[in-house]
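Read through the structures below before going on.
In what comes next, subunit A is part of two complexes: it sits with subunit B in the first one and with subunit C in the second one.
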Partner chain A sequence: MCPVRIPTEQEKHGRRGRPITDHDAQEINRVEELSYDLKVREVMTARLHTTSPEVSLSDVLEILRLNRISGVPVVQDDQLVGVISIEDIVRAMERNDLTETVGQYMTRRLVTVASYDSIIKAMQTFTESRVGRLPVVDEEKKLVGMITKGDITRGILLALQKDYKEEEVRKYRASHLFEDIISDRTTLVLRYNIKAQDYTHGGNASSNIKRALLRLGADPQIARRCGIAVYEAEMNLIIHTNNGGILKLEVEPHRITMSTTDDGPGIQNIDQVLEPGYSTASELVREMGFGAGMGLVNIQRCVDKMEIESTPGKGTKLTMRIQVPAENFNGRKNG
Partner chain B sequence: MNLRDVIKLANGTLLTVSIDADIQVSGGYGADLMSDVLAASRPDAVLLTGLTNPQVVRTAQMAEFRAIIFVRGKQPQTETLQIADQENIPLITSPFGMFELCGRLHQAGLKSFETNVPG
Partner chain C sequence: MDKAMNLQEIIDRFDLTVLTEPRDFLTIQPAGGYSSDLLSCVMAGAKSNTLWITLQAHLNIVAVGALLEVAAIIITENARPEAGTISKANQQGVVLLSTSRTTYEINGRLWEMGIHTRG
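Entry: the complex of A and B
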C-alpha cells in the first residue's frame, strides 16, 4: 500500500520535467486523483471554537489551553474577521499585554478556503500563505469550519482505506463466483480480439487474463503458467497471422482452457514448428526479442495439454489446457 | 539483496514513478530474447536487457520479475514507461554494459537464475 518513493532527477523538476499531458493524466495515481475528488468540507473540522474581538487575550489563552488547540477564528456579527493564534498571543506576552483584547492582536489578513473547494486547492493555499490552519467559509462567506494539513492527510488515508476495502469485496465476490452460481457445468468465458502486427499492445490481453485469474482466486503458480502460455500465444497471433485472431479464456472450477483461432496463413508442417529454435519470424520481430523459435516449446512446458490444428491457407487453432487442483476457485484465498 | 542494493550496484537511475525499494530480489537474468526469459526464469528476479520495447515489460510481468534494468544507459520508449508505471514494474537504466553489470551483481552475491543446458 505504501511504496517507498525514491524521487528521480527528473521528478525534482516536476513530472518528468514537462507539463502534464493526456498520457500523464492516465497514469495519475489514486492519491493525486483523491486530491481533486475530495472536498474541503469532507475533511475539515466542523465543530468549532470561536471567539470575538472584544474578548481578552488571557481568556483566549485559556480556551486554547483547555482545548489543546493552537488558534481560533474570530467572529463578529456572524462574519469572520480574523484569526487569533498562539503566535499572536506570544507577541502580546512579550509586551506584557495579556489584558488587551483579541481585536488588537489578531491576524486580519484573512486567507480562507471554500468548503466546496478540492483539497488540492487547500494544499496550494497552505503552501502560498505559509499558515498552519485555514478557516473554511461557505458560499455566503460564513465560517463553517477549520482545516489543517493533518485533516487533509487523515482524509486521504480514510478514502484510501475505503478503496482498499471495496477492492477486497470485489475480489471476494469474484472468487466466490463458482460457489454462488449453481449449474451442472459453469464456465466463465473471456474473449479478446487480437490485431495482426499490433506489437505495441502485445501482451495486454494476456495481462488482463492473468489479472482475471488471480481475482477469481486462482493459485498464483497456475496464474503464472497461464500468463506465460497465453502471452506466447497472443504474440504468435500478432506476429504470424494475416488478420489477427481471437484469444479465448474459459475458466471452469476444475480446468482452465485457453485458445487462439485465426484465419491464416496456417502451418505447413506442425512437427517442424514444435522443434526448439525453428522460426519463420522476420528480422523486425527478432529485433523485438521474439521469434527465437521457443514460443510453442514454452507453451508446452507451461500447460498440461496443448493441441494444434492447422490447415494451410485456412487457419490455425491452438488449444491449451491446465488442470486446476480441487481446492482452487473454491472461494478460499490462495497465496 | 533488496532492490535498493541492486540499483546502487548498477549505478542505476530509476525511470518509473514509484517503487518499493525494500522488495527482495532473489536472482538475476540477462537476456535479449524474450522467449528465453519466459522459458527459463524463476520468479522474483531482476531482468538485465538491452531491449527497450513494451514487450519487455509484459514479459517481466508474466514471468514475475521484480524490476528491469536496461544496460548501456539505454532509455525505454514512451509506451514502455507507460506500461511499466501502470503495472508497477520498476524500470532502471544502468551505464554498464551487459557483461559488466552481470559480473558486478553476481560478484555482490546475486544468484544466476539462468538454466544451464547440460553439456
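Entry: the complex of A and C
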C-alpha cells in the first residue's frame, strides 16, 4: 500500500556494504534523495488532537471515532507523556475497563522523531519500532505534530509533483526561447573549448550539444545529425590540432551552424582529406578506433553545407550548416 | 523475424556479461546490428536502437554509442573496458555487454536469430 520503500540495512549503511562513492551518489534516485531532503516538519500533521492522562477512555474513543484517527498523543503540563491508540483501548475493552483513565492504558514507551529530522530517519524509526504513527517533537522536546507513513508518502508525492512541474516549466521555457524573445535575428551561441589529445573527454561537447538541441525542441533526427557531425569535428580538434580549438554552435530558428577553429597545423591538401579513407592519424590513435579517414565524409553526409578554410602553419576553420524545416523549434510553422 | 528478440533473450542466449548497471532488458528490442572497430564507420553505419559489435573497449565507444543511441554495445573477445568507461556508460545510459566470442561469431549468430539490419 505504501510506495515508499523502506531502505534495507545495506542501503542504510552504504551500497553493497561499502561507503557511498560519488558515483553511487549520482545514482541515488530522486525518491531516495527526497527522503534525505524532506524534513519531518514538512510532511507531518501539525493540527493536533491531544488528550491528557486523566481523561476517560470512553471520551478518547469518542475523539478517535469523530476524527477518524487511530491514536492521539497524551500531554501533561505541555510535555508529551504517552500515546493512546485503538489497540490500548481494545485492551481496556477486553477487561470491560472503558471508565478507566488514559493514564492507565496509554503506551508510555515513547518513540518520537524530531521535527528537524529528515524523513528517512522517520522511516527507519517506523521500521524499528513497528508503530503506525510517531509523535513529532521540536528542539525543546515539545510536541509539535504527528507523522504516519501515509504522511511520508503524501509528502514525497507532492515533492515529486513539484519537481515534475518545474521540469515541465524548464522544458517549456527552453523550447519557446525563439518565440519568447523578439528580435530581427535571434541566435543562441554555445562555445566549447576543446583540448588537444584529450581523449578522455572526447565526445562530451557533442553530447551536450545534442542534449541542448533536444531541449530547445529540435527534431530528434536533426539533433542526431548535428550530434554526429559535431562529434567528428570535436574529435578532429582532439586528434589533429597542436593546441586544441574552439567548437561553436549557433542556433537560429531556421538553421544550426556548427564550427571549429584551431591554430594549427592546418591542412596541406584539402581535396585529399575529403577522400573517404584518407587519414593522417597516428598508429596510436588508430588503435583507439579513430583515423578511419571518414570524419569529414561523415560530416558532409550529415550537414547541408560544409566549408573548410585552412592555411598550413596557421590553422583551420570548419563550418557546418544544417537548415531547420519551418516546423522545428516549436510554433514556427508559419515563420 | 516473427517476433522481435529482446535484449534479455540475446544476453541469455549468448551468456553475455552485463558490464553496466542492470536495467529492463526485456523492453529493449534491437532493430538490427552493425560491426566495425572504426568509430567513424560506426557513426556512418550504425542506426539507432541497433547492436554495435566491436572489439574496441576504449572510452570513446561510449560517446559514439550515446550519440547514436544504440541498443547496446557488445564488446567481443573479452576486451575489458576500464572502470571509467563503464561509469561513463552508466552516466550516459549506454549498455555495455561483454563476451569471449569473436565479432564474427556474434554477428553470425545474431543473423541466425533473425536480427537483420533493415532499411
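Quick note on the criterion: the second predicted complex is superposed on the first by the 281 of 335 C-alpha atoms of A that agree within 3 Å, B and C clash if a C-alpha of one lies under 4 Å from a C-alpha of the other, contacts with A are read in each partner's own complex, and residues count from 1 in each chain.
FYI, contacts are C-beta pairs under 8 Å (C-beta built on N, C-alpha and C of every residue); 3 or more make two chains touch, one makes a residue touch a chain.
Predicted model only: the values in this text are computed from it and were never measured.
Peer 1: Using the touch definition from the top, say if A:200 reaches subunit B (first), subunit C (second), both or neither.
Peer 2: A:200 contacts both subunit B and subunit C.
Peer 1: Specify the partner with more touching residues on subunit A, choosing between subunit B and subunit C.
Peer 2: The partner with more contacted residues on subunit A is B.
Peer 1: Who does A:210 touch here: subunit B (first), subunit C (second), both, or neither?
Peer 2: Both partners, subunit B and subunit C.
Peer 1: Could you say whether A:141 touches subunit B, subunit C, both of them, or neither, answering first, second, both or neither?
Peer 2: Neither subunit B nor subunit C is touched by A:141.
Peer 1: With the two structures laid over each other on chain A, which partner does A:191 touch: subunit B (first), subunit C (second), both, or neither?
Peer 2: neither
Peer 1: Quick check on the superposed pair: does A:290 touch subunit B, subunit C, both, or neither? Answer first, second, both or neither.
Peer 2: So A:290 meets both subunit B and subunit C here.
Peer 1: Touching A:305, do we find subunit B (first), subunit C (second), both, or neither?
Peer 2: In the superposition, A:305 contacts neither subunit B nor subunit C.
Peer 1: Both subunit B and subunit C touch subunit A; at which residues?
Peer 2: 23, 26-27, 199-200, 202-204, 206-207, 210, 224, 227-228, 231-232, 235, 288-290, 292-295, 297-298, 301
Peer 1: Flag every residue of subunit C that touches subunit A in the complex, lowest number first.
Peer 2: 21, 37-41, 43-44, 48, 54, 56, 58-64, 66-69, 84, 87, 90-92
Peer 1: Which residues, counting only subunit A, touch subunit B once they are in their complex?
Peer 2: Against subunit B, subunit A makes touches at 3-6, 8-9, 11, 23, 26-27, 29, 199-200, 202-204, 206-207, 210, 224, 227-228, 231-232, 235, 288-290, 292-295, 297-298, 301.
Peer 1: In their complex, what parts of subunit A are in touch with subunit C?
Peer 2: The contact residues of subunit A facing subunit C are 23, 26-27, 199-200, 202-204, 206-207, 210, 224, 227-228, 231-232, 235, 288-295, 297-298, 301.
Peer 1: Looking at the complex, which residues from subunit B come into contact with subunit A?
Peer 2: The contact residues of subunit B facing subunit A are 7, 13-15, 17-22, 31-36, 38-39, 43, 49, 51, 53-56, 58-59, 61-64, 78-79, 82, 85-87.
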